[in-house]
């Protein structure tokens, strides 16, 4: 699937795509989804920090996620938060079923289950606290779509495009945008409002989005695009530069 | 989620995982899945080659996939093939619904749809031709699970572990193992029996499997493990080395 | 959807629903689905007849289903056919997994599997033969939605309403409209273009549709409604009479 | 699909089924599910009663459901409760998406949404209050499987058989057992621990279960069967009489 030659051509297929997409994008019906920005993963005193993890890789995106949430509230773009939870009974631990399971999954979820439903650990962090108009999606597995009402709600409000922020880029965010794209939703990933404890893999995920799933934008580019798209004009001119 | 310190400890959590898993693994009920090894992507005269793509990155894994299929037939491990297809009507093209869509997806599937159902292009390549005892899963999207009977069949035969081979590592293989793991199946990815047109991303995917989803083995290691696991013994001693 | 004024009128809540719905219905984007009208169930020489079943209860609806298909072709309403199939290997037999299983399911599918994929038995009957513009959904279980690409295709063409015809009213048709309604599609069941080998249960299913899922119309009423709805006017006036 | 002749034969297929099933049934891994026994539907002061509905048809099964829950607790059979809920925002109302919608659905859910999440109305009734060992499944649509973690949990504990109790027989219970059967779970419906506001349709549903999905037992028969099945012996002798 090497497209190296085409990339050097004068009139690239990219421009053609851009041309086609540009005309339609002023009509997008986007939602914002904030994946798993919970105390257990991102707050001092949460279970990840207690476990000895360095949560700064996650906390550093909080200001950008906040800026995006504020813009969406301002523009009346629906905001969804996912909360990854576990039952007190342990019925939903990976270790209840899996026998081949990476240490990372085992340590966090078996010895010291994080984000048990109903606890402070499972709640969205204070800095990003949902308002009454926002929507909460409770999930048990990586994807925001798996075994949740997320798609039912997207249908209910007629959404066609999902803006992804939150953590971890390579696990829950990635499973969510892969499933979302394949279910027919357009995908926009915000490079500096998502984070992974594996920096190298975070970058690989951005490349995969650009190459196979959708747009990668920075927080600034997204906010710019959202405001301009409301006024019709040059909305997608910006974004096609970020699509491979 | 930095676990750097733990890695240097004498009794690593990895060994504990291995210890737990080792005892249970002789009982695995694995299936092999061969993802999208079709004429359209891997054969001379197929639609990818016609389009100008260099298919050698895909064809070079054929011998390894063949060795694994042969071993599975020998050991009576069920073999599944996926076939990515498109309707002649175009109803299932990504471009029918998506407005943000990377060039890669657009070019191959819109201008020159590959693997139209019922054509030679959609068939599994001759070198890996399914036998009457093998199973075919027709799919329309990236994951072998999405909108297919794959899981129903896994349940029907009581499978709990899926060995992934085929293409493309970072798209259809990756969506499949991510969804498979999250549905409760143990995941084994074969590093030299999967391939991606993006070499760098292929390696990133291997790291993600090791870190978050399951085992990465070579063809030789897998075949070794499959034969020894039938005899009880040291089956998983080998494999835990390849799990993070 | 403000119906405040109407609520104070003498008219019954039923009429209020009709009033609210009437205004919106000229815009419906319907598809027709023809469930399981295959040789195995409806043709002389098919597996049901061979087994000794009286297929006349199924064959008698063929003329009505044909009239509806013709009208849909005329009006360019997309037509989908489902085909219930079984693998030659038997991997998808109910009896492979179930231990509590009614005789009806056991006899037909275990001792003499009907509609094996690729055989004449599995094909749609000649009288209703799909054209090249129609769509085929291969399924393994009762619902047209389960493990199939049906919803992906509905999304692709922007459909919001499903007209159900075919067999058996109480099994495959019923599972399909129950799942369809709950996924957000409006449901219309055609009373004399569906059939069940259990007449009493056929009637119960009609009542359940009226009471909980959608419209029940006759073939004549549907065709009338489809043509008038194209011209705006009184389309739904007719149909609300058939909604509880 | 008339099977009249076979019914009069000396050695009926039913007995053969029974014979096959009997040998395997002492090994069943059942769970109990109690569908939607919430204040909103079954309690004085709940939204259904406020709306003017006669809830006695639902309340009369409470003692039987309680007996079954107690037996399951005694026998350490896992107990699941579903809670049908609605968001305060109304995003999950049927009326947000549907345009063809029966009055019953419209009245209860639009004008006076029942069982809003987090309210007393949404809680399980006091008489059947879940213990800490029981499991709660929050759902938005009719089926206990749709968009919920129910199947993940069934897999986690290795369950293969689902005992259905609760309300309404013809809507949420029925969608649940239809989907459960088709996903590969054995189905047992308790005739006097389920209820419908439509008595005639309740009976039709029982017939459909017997004919196409699984066992129909009374509360007494179930409890008898559960206790005897723990001791091996005649467990299924009883139950095959209730399978068509």
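We just call them A, B, C and D in the order they show up, numbering each chain from 1.
As a working rule, a residue touches a chain if its C-beta (ideal position, glycine included) is under 8 Å from a C-beta of that chain, and two chains touch if they have at least 3 such contacts.
Every value quoted in this text rests on a predicted model; they were computed, and no experiment measured them.
Asker: Could the interface between the copies chain A and chain D be described as same, meaning over half of its residue numbers are common to both, or is it different?
Answerer: Looking at both copies, the contact residues mostly coincide.
Asker: Could you let me know which interface, A-B or B-D, is made of more C-beta pairs in contact?
Answerer: A-B
Asker: Nearest whole angstrom, what separates the Cα centre of chain A from the Cα centre of chain D?
Answerer: Using C-alpha averages as centres, the distance is 36 Å.
Asker: Provide the C-alpha centroid distance between chain A and chain B, rounded to the nearest whole angstrom.
Answerer: 25
Asker: Can you list the chain C residues in contact with two or more other chains?
Answerer: In chain C, residues 97, 141, 152, 155-156, 184 touch at least two other chains, as defined above.
Asker: Line, ring, star, complete or other: which describes how these chains touch one another?
Answerer: Basically all the chains touch each other, so complete.
Asker: Quick check: in the complex, which residue numbers of chain D touch chain C?
Answerer: 1-3, 5-6, 13-14, 17, 20-21, 24-25, 28, 95, 97-107, 141-143, 146, 160-161, 170-171, 174-175, 178-179, 181-182, 184, 186-188, 198, 200-201, 204-205, 207-208, 210-215, 239, 243-244
Asker: Would you mind writing out the residues of chain C in touch with chain A in their complex?
Answerer: The touching residues are 152, 155-156, 183-184.
Asker: Applying the document's contact rule, which stretches of chain D touch chain A when the two form their complex?
Answerer: Answer in residue numbers: 87-89, 91-93, 96-97, 132-133, 135, 138, 140-141, 147-149, 151-153, 155-157.
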